[in-house]
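See structure below.
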Amino acid sequence: MITLEIATRIANGVLAEGARRGFAPLCAVVLDAGGHILCLVRDERASIHRPQIAMAKASGCIGLGVGGRTLAGMAKERPTFIGALSDIFPNGCVAAPGGVLIRDAGGKLLGAVGVTGDQSDNDEACAKAAIERAGLIADTGD
Amino acid sequence: MITLEIATRIANGVLAEGARRGFAPLCAVVLDAGGHILCLVRDERASIHRPQIAMAKASGCIGLGVGGRTLAGMAKERPTFIGALSDIFPNGCVAAPGGVLIRDAGGKLLGAVGVTGDQSDNDEACAKAAIERAGLIADTGD
Amino acid sequence: MITLEIATRIANGVLAEGARRGFAPLCAVVLDAGGHILCLVRDERASIHRPQIAMAKASGCIGLGVGGRTLAGMAKERPTFIGALSDIFPNGCVAAPGGVLIRDAGGKLLGAVGVTGDQSDNDEACAKAAIERAGLIADTGD
Amino acid sequence: MITLEIATRIANGVLAEGARRGFAPLCAVVLDAGGHILCLVRDERASIHRPQIAMAKASGCIGLGVGGRTLAGMAKERPTFIGALSDIFPNGCVAAPGGVLIRDAGGKLLGAVGVTGDQSDNDEACAKAAIERAGLIADTGD
């Protein structure tokens, strides 16, 4: 189970990583295994609906049980399917890198991170770095 | 008319079939002819939004009166049409195998099954097996 | 964590208890700790939107972390507050007995049950009996 | 304008104040003047839909331009009006103490805080303490 303390460390770690790399201002959310928010942070310079995008990246991953890169591949092959998930998942489904599952060393699903603000690959790199710095496994769907 | 007893037998039969074949953890729903849930079961290892997907597979089928394989074909030829159904059907519309109509020997529509968790073809195989084991006709839209 | 096996035993137990007591046809849902369906059963003679009511009873309880009887008390004292929860909780909030939290012997929250079909007190009695028969603690909010 | 740094200090300050006073586990959100999330934190022991409640407290305040205590008074006198706001505000409207406007020394509106988890008066006390500790003015609607 992810505590708020760990979630905060991950969310802040995402934004710190983005700043270090000179990325655009980011928004990051950390969800628990049930898909509920533990911590959400948005750089005040990031656009106003970034929280919705971060939520839909993380929620899409945890809702289907796969990383954002897998979702992005499915969106290319089966756009109607992913479009339908976007309609029926309670927080939508943004199928793109930057949605990353959090697992423990044994592979157990603990939660998910959603990052948005820069290019998807960059969003994902920040999520991955922050999850690993917290001693957990980042499942990007790679 | 499908009773809860039959619906339960079908839903449980879907998951048992999946376990027998070594498929990923499944979620299955059985709807009556009015499109309303009689029985929904989700393996505790299946991801959290599987109930929404199972519902949208079964609801899409019963909403348009065709099996999921027919819906999947329509989604390829007319993606905008199926995308619109996804918006206007109250439980969405996932156009994929695994949505299966239940008919009696005379062809009368009794309800629908929605299965998700593994690949769509595998989901459908479990639905078909469980419906037939209950002595009813599985209309996959094949 | 509640498995599907336990959830099924509880959901079926609710309807069996209702039949034993001669109650009206019931609908019962069992949610996991994240508020997601494990098992939902509706007697084919129960009205069509009972699943929504069962969900809103169980979801309201788990969303706020209290039993349905507590919610019902709040609804009397603070109707606007409970009305607002009904708008913002993803599955609504029906504040009535029949929404019951499932806890383990140590008090840890494992999930929730929602029952509807007869009078709320009767719905609750069936939920309580089925949870206890499964060796778990029923927190009705009493 | 409230930066993420200040928002984080306030949100964390709310939870720290709650812990100091021995309150139930809390959830706190800080919105900017446009009503968009800067920071949301939920104690992992707080119930799962607390983020929705925190949002609806803060959004209600900023949406109408008054503190939560004023909203609570209006809810008593004009329940239908507040019920309607709950329907039409995009994040709902929970009219209760714990929704607090953030102002600067000149009275300019900078954002809002929403806190939930304990009794409303306690939620509000934590919001007030954290806003003031950040050198800003807490407008509770008192």
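First chain written, first letter: the chains are A, B, C and D, and each begins at residue 1.
Here is the rule we use: a residue touches a chain if its C-beta (ideal position, glycine included) is under 8 Å from a C-beta of that chain, and two chains touch if they have at least 3 such contacts.
Computed from a predicted structure; not experimentally measured.
Q: Would you kindly tell me how far, in whole Å, the mean C-alpha position of subunit D lies from that of subunit B?
A: 43
Q: Just curious, how far off is subunit D from subunit A if you go by their C-alpha centres, in Å?
A: Between these chains, centre-to-centre, one finds 26 Å.
Q: Calculate how many whole Å lie between the centre of subunit C and the centre of subunit D, each centre taken as the average of the chain's C-alpha atoms.
A: Roughly 30 Å separates the two chain centres.
Q: Could you list the positions in subunit C whose residues touch two or more of the other chains?
A: 32, 34-36, 90, in rising order.
Q: So with touch defined the way it is at the top, what topology do the chains form here? Options are line, ring, star, complete, other.
A: Here the contact pattern is something else, fitting no line, ring, star or complete shape.
Q: Going by the touch rule stated at the top, which chains touch which?
A: Applying the touch rule to all chain pairs gives A-B, A-C, A-D, B-C, C-D.
Q: What residues on subunit C touch subunit D, complex-wise?
A: 34-35, 59, 62-65, 78-81, 83-85, 87-90
Q: Could you list, by residue number, the parts of subunit C that touch subunit A in their complex?
A: 32-36, 90
Q: Give every residue of subunit D touching subunit C within the complex, in rising order.
A: Interface residues on the subunit D side: 46-49, 52-53, 55-56, 75, 79, 82-83, 86-87, 91-96.
Q: Considering only the defined contacts, which subunit B positions touch subunit C in the complex?
A: Listed in rising order, the residues of subunit B that touch subunit C are 1-4, 7-8, 12, 15, 32, 34, 36-44, 48-49, 51.
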